[in-house]
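First chain A sits with chain B, and in the next complex the same chain sits with chain C.
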Partner chain A sequence: MTRVATDTLRGRMGWLHRWVGFLGGLVILVIFAGGTLTSFDTEIGRWMQPEIQRTTRIPLSDTLVEAARARVETLRQQGQNASIDLPTERDPVLRIRYGKADAAVKEALDPETGDALHARQTVGGQFFYDLHFTLDLGHDLGRQVVDCAGIALLVAIGSGLVIHLRSLFSDLLIFRPFAARPRAWMDLHVLSGILVLPFLISTAYTGVVAHSGAILPDLRGGHQPPEKAVSYDIPDLRPILAQAERIYGPGHVGSLLFGRNGVTATRADSATFLLMRDEADFSPTGELRRTVHHGDAVSISQQAFRGVHFARWVPLPLRWMYFGSGLAGAGLMTSGLILFLLRYRRTKEKDALFAVAETLAMTVILGFPASALFLLWMNRLLPIDFPMRSLWEWRSFFAMAVTVFTGALIGSFRRKSLFAWRGFLAWIGCLGLALPLLDSLTRPGWTAHLGANVFVAVDVVAALAGVAALYAWTRLPPGRQA
Partner chain B sequence: MLIAVITLAYATSWLVVADFGHLTHPPRRDDFLIGQTLATALIPLSILIGFGWRRDGRGVIALTAFFLAALLTWLWLK
Partner chain C sequence: MTIALSILLWTLAFLAHTQRQPRILRLLGQHKAFAPGILLLVSILLPAAALGACLAAYGGVGLEYWIGTMTLGGVIAAMGLTVQASRSEHPSKQP
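This part shows the complex of A and B:
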């Protein structure tokens, strides 16, 4: 173990904060940035399907419900496990969901005619959700890695608090962006950390609790055998929907699932602060069999944890606050990684391990925004009917990440890392600033939607990311280190 | 030392989940959930205490004592 200079509590916590923060931060930053974008996963998904231009939800028509029923029936005959996602304020079209859970197809139907809207296949905003949830490492391993990273974040927060406890409030008023580089980064690190401290603690803790079973398994073992399957034709869904709306309220039915022996209507996640997952089970002939309500104290506390973390209930202003807090948290982690590099650059710059550390930090800090923006670009540049389109979008994200990693590796080992930092910052600047132009050139009827909508919001955020990258590029003139 | 502290923290937290899970026979889902919620907070706290309270290894001694208590509880409940 590295010897600490002074064996005090602050010294020990400083060592712990530095190393857990850096090693964990390389993973946590990706999870956190992915989670920040997941705040608007539905909206990003809509941006990625510009063929669907409806912006407001209209009441379900009989034609639409019947068309959805017929489509599900067809898919079931083809051996697909299909379900119906009902329109919401955030996604105002009905969607038929089928395929594998991690690569589901979400087919949209026209709200008036019930015809399939021929929108492009895309990974959608779900991509960022999966990245946040499992880092694309698979359901089990991914959740374990993400949970461990969450624990590391809690340790980093706890040790950081011990270090800065004495000057917690005075640091809140200090930010010197034009001071010496380490001072400026430290100010940003402390200020962003204090400002979003409650958000950081609550999201980290609730996130780990929500999937704590991945690292602290429930030891009961054994699973209930699946219910006996009954072959049935999908019944008329209108009475089922009407009854479900009487139970959960108008517009608060989330989806219709077609199980082995009947239909299940679930309560919409957005219906309440608690992520309840209540459901009403119907027989194959459409009669209500039972309702399931998780109302005991333990379930409610779990629903509250999930409600805080998943934020499916939040109105738009609060959703932007989640997004802003996520960005501040990402800023905190970015500044932490850079402070680590600054600390060791003077003494360890010639070490191979330092080059590895800088490569990984650069890959995470610049690779994520570059890859996310590149994914949006490829979403619009790939032809609509391109074979395996979603897969190619997925590949484009990771291809860009590998490109940044390779550039960072070469730059760091040839001791020209500044060149790589500047190059990728400029690249992000170009991708972000030009995205609104790409959107206007590739979105049908874009002039009809110049108000506040998902397209404009994504374009503006991308452009701001580009401006921020170019500003960082100007603050990093040739000859200076990050 | 950090690795020893992390191992002890994880093992103790895992035993806390098992303890809660075995409060009743047969084990109930709700008890496991309470155990998991507490254990999730326990891991980072244990790491901070075990690593921070290092004088004469007191943090590790405290963690070991907690681990043994959780282990004995589990053996008793089991």
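This part shows the complex of A and C:
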């Protein structure tokens, strides 16, 4: 009888959804939460450099462009491969980027005087982008793992749809938070899944396609031989910028790259929905040599996929919608992991494997927010001129993750997991709720910026995360299991 | 403005949809749907109107706004239903 009952498409999909969802979900939740924060990576980066308080972009002055040119020239003489990121609406200062790709230094210059702003070195919002992109496992392995996780997410979505298809429309929007906990978590799982289904599918699919090269062989042939290097002094950048703006439109030049034999101006990613990466190449003397436009059908498809996934073009309201949908997606994954634990707790609670599962689930569900908030705290608590500051910020994130893992491990194996769940929820609550206070104490001139800006936004979101954690803490009174 | 309108239309469409579902009506303490034909029409037409508004305001990328406002409208409708259902379950909570 049991065999007949489970040997149906729905039964099989249930098994698939449960296991792919749990094992994949442990990784996917980190990727998804990292991606959600990446919606505002530039703004988080600005919060992490409170010395830079400019909020609006002003036109590039000749002084600034010349200062940038001089700084790049100096860095090149020191053997650094430097480039210039031009100001945007989201990041209104010019930045000189140099160093390794995964640990780039981004010096900010004052838009009016061209002087270095001496902002603190930080991992910035780029940290969450890298976490989302490679899980910090290195460029190749990381992309492969993330791409496989993206495929697992698509499998989990597909199998989840088959399971719930029958009641998808009749139970739409049912949420009973005060019902028995498995029912309440299942309602939350289904509700969040339905409401962000288009977003989930589009981000998972476009993410997998955008980085399909990580797991599929590149059949386009070998690499082009590198161009012959020419020694040159950086030319006057003003005519180059003027010409690039004529090609891409005012304010739509993204970066200036200084290659082996000339200067390249790229179109800003935020310029259009399609993430084009068009280029205009200039000679060492500043004459336009060629423009590169990827306009074939395959390229446009890729640009559309990347445009949807990277969302560099989206205006603020839509960016918040990406963020909110990302949070709802994280809620979907969290509730899925908890449902898995609830299903097996009664029968397998004494098994070591169950303790491992609970440890891992607790680490990703509570470890990520705790580590992200702790990173923001350390960004403000470490002295501005602390040696290897960015590295210590990076270490602080993973130190907190390891702390949560250790606490979860001890709690789960000693069968006191509830104590660990409650303890870390309270910790997240404290970190989140106190972050605005920390910001006000450690940000120079904070009273001058009480309006709507990135500082207030980050503070409010952190405080709300704290409130949510404390609410969960109150819903998990001592003596009950998660 | 268009975003607010789209959220409103989605919220109303979701609410109209739920008012046709017997299981949800039971949760709300109701027994029969009011004019199910009209509710069905509303739950189809309002999202279409929201799509039209988003496309008219934002062009092709209006589709993204439409999807984003669907999520927000759904959350608002779900919160409203949850409050209503909890009140109907516990008459003492009614004002």
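We adopt the following convention: the second predicted complex is superposed on the first by the 474 of 482 C-alpha atoms of A that agree within 3 Å, B and C clash if a C-alpha of one lies under 4 Å from a C-alpha of the other, contacts with A are read in each partner's own complex, and residues count from 1 in each chain.
FYI, contacts are C-beta pairs under 8 Å (C-beta built on N, C-alpha and C of every residue); 3 or more make two chains touch, one makes a residue touch a chain.
Source: prediction; values computed, not measured.
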(message) Contacts for A:296 in the overlay, against chain B (first) and chain C (second): which applies, first, second, both or neither?
(response) first
(message) Output check: A:216 vs chain B and chain C. Expected answer is one of first, second, both, neither. What do you get?
(response) first
(request) Please indicate which partner A:196 is in contact with in the superposed arrangement: first for chain B, second for chain C, both, or neither. (result) second
(request) Considering only touches as defined above, state whether A:159 meets chain B (first), chain C (second), both or neither. (result) first
(message) Output check: A:37 vs chain B and chain C. Expected answer is one of first, second, both, neither. What do you get?
(response) neither
(request) Would you check which partner chain A:208 touches, where first means chain B only, second means chain C only, and both and neither mean what they say? (result) first
(request) Report the residues of chain A in contact with chain C in the complex, numbered from low to high. (result) 169-178, 191, 194-196, 198-199, 202, 273, 308, 313-314, 317-318, 321-322, 324-325, 328
(message) Please output the residues of chain B touching chain A within their complex, sorted ascending.
(response) 1-2, 10, 13-14, 17-18, 21, 26-27, 29-30, 32-37, 39-41, 43-45, 47-48, 51-52, 54
(request) Within their complex, state which residues of chain C touch chain A. (result) 3, 14, 17-18, 21-24, 27, 60-61, 64-65, 67-72, 74-75, 77-78, 81-82, 85-86, 89
(message) With touch defined as at the start, can you tell me which chain A residues reach chain B in the complex?
(response) 1, 7, 9, 12-13, 16, 151, 154-155, 158-159, 162, 205, 208-209, 212-213, 215-220, 296, 298-299, 301-302, 305
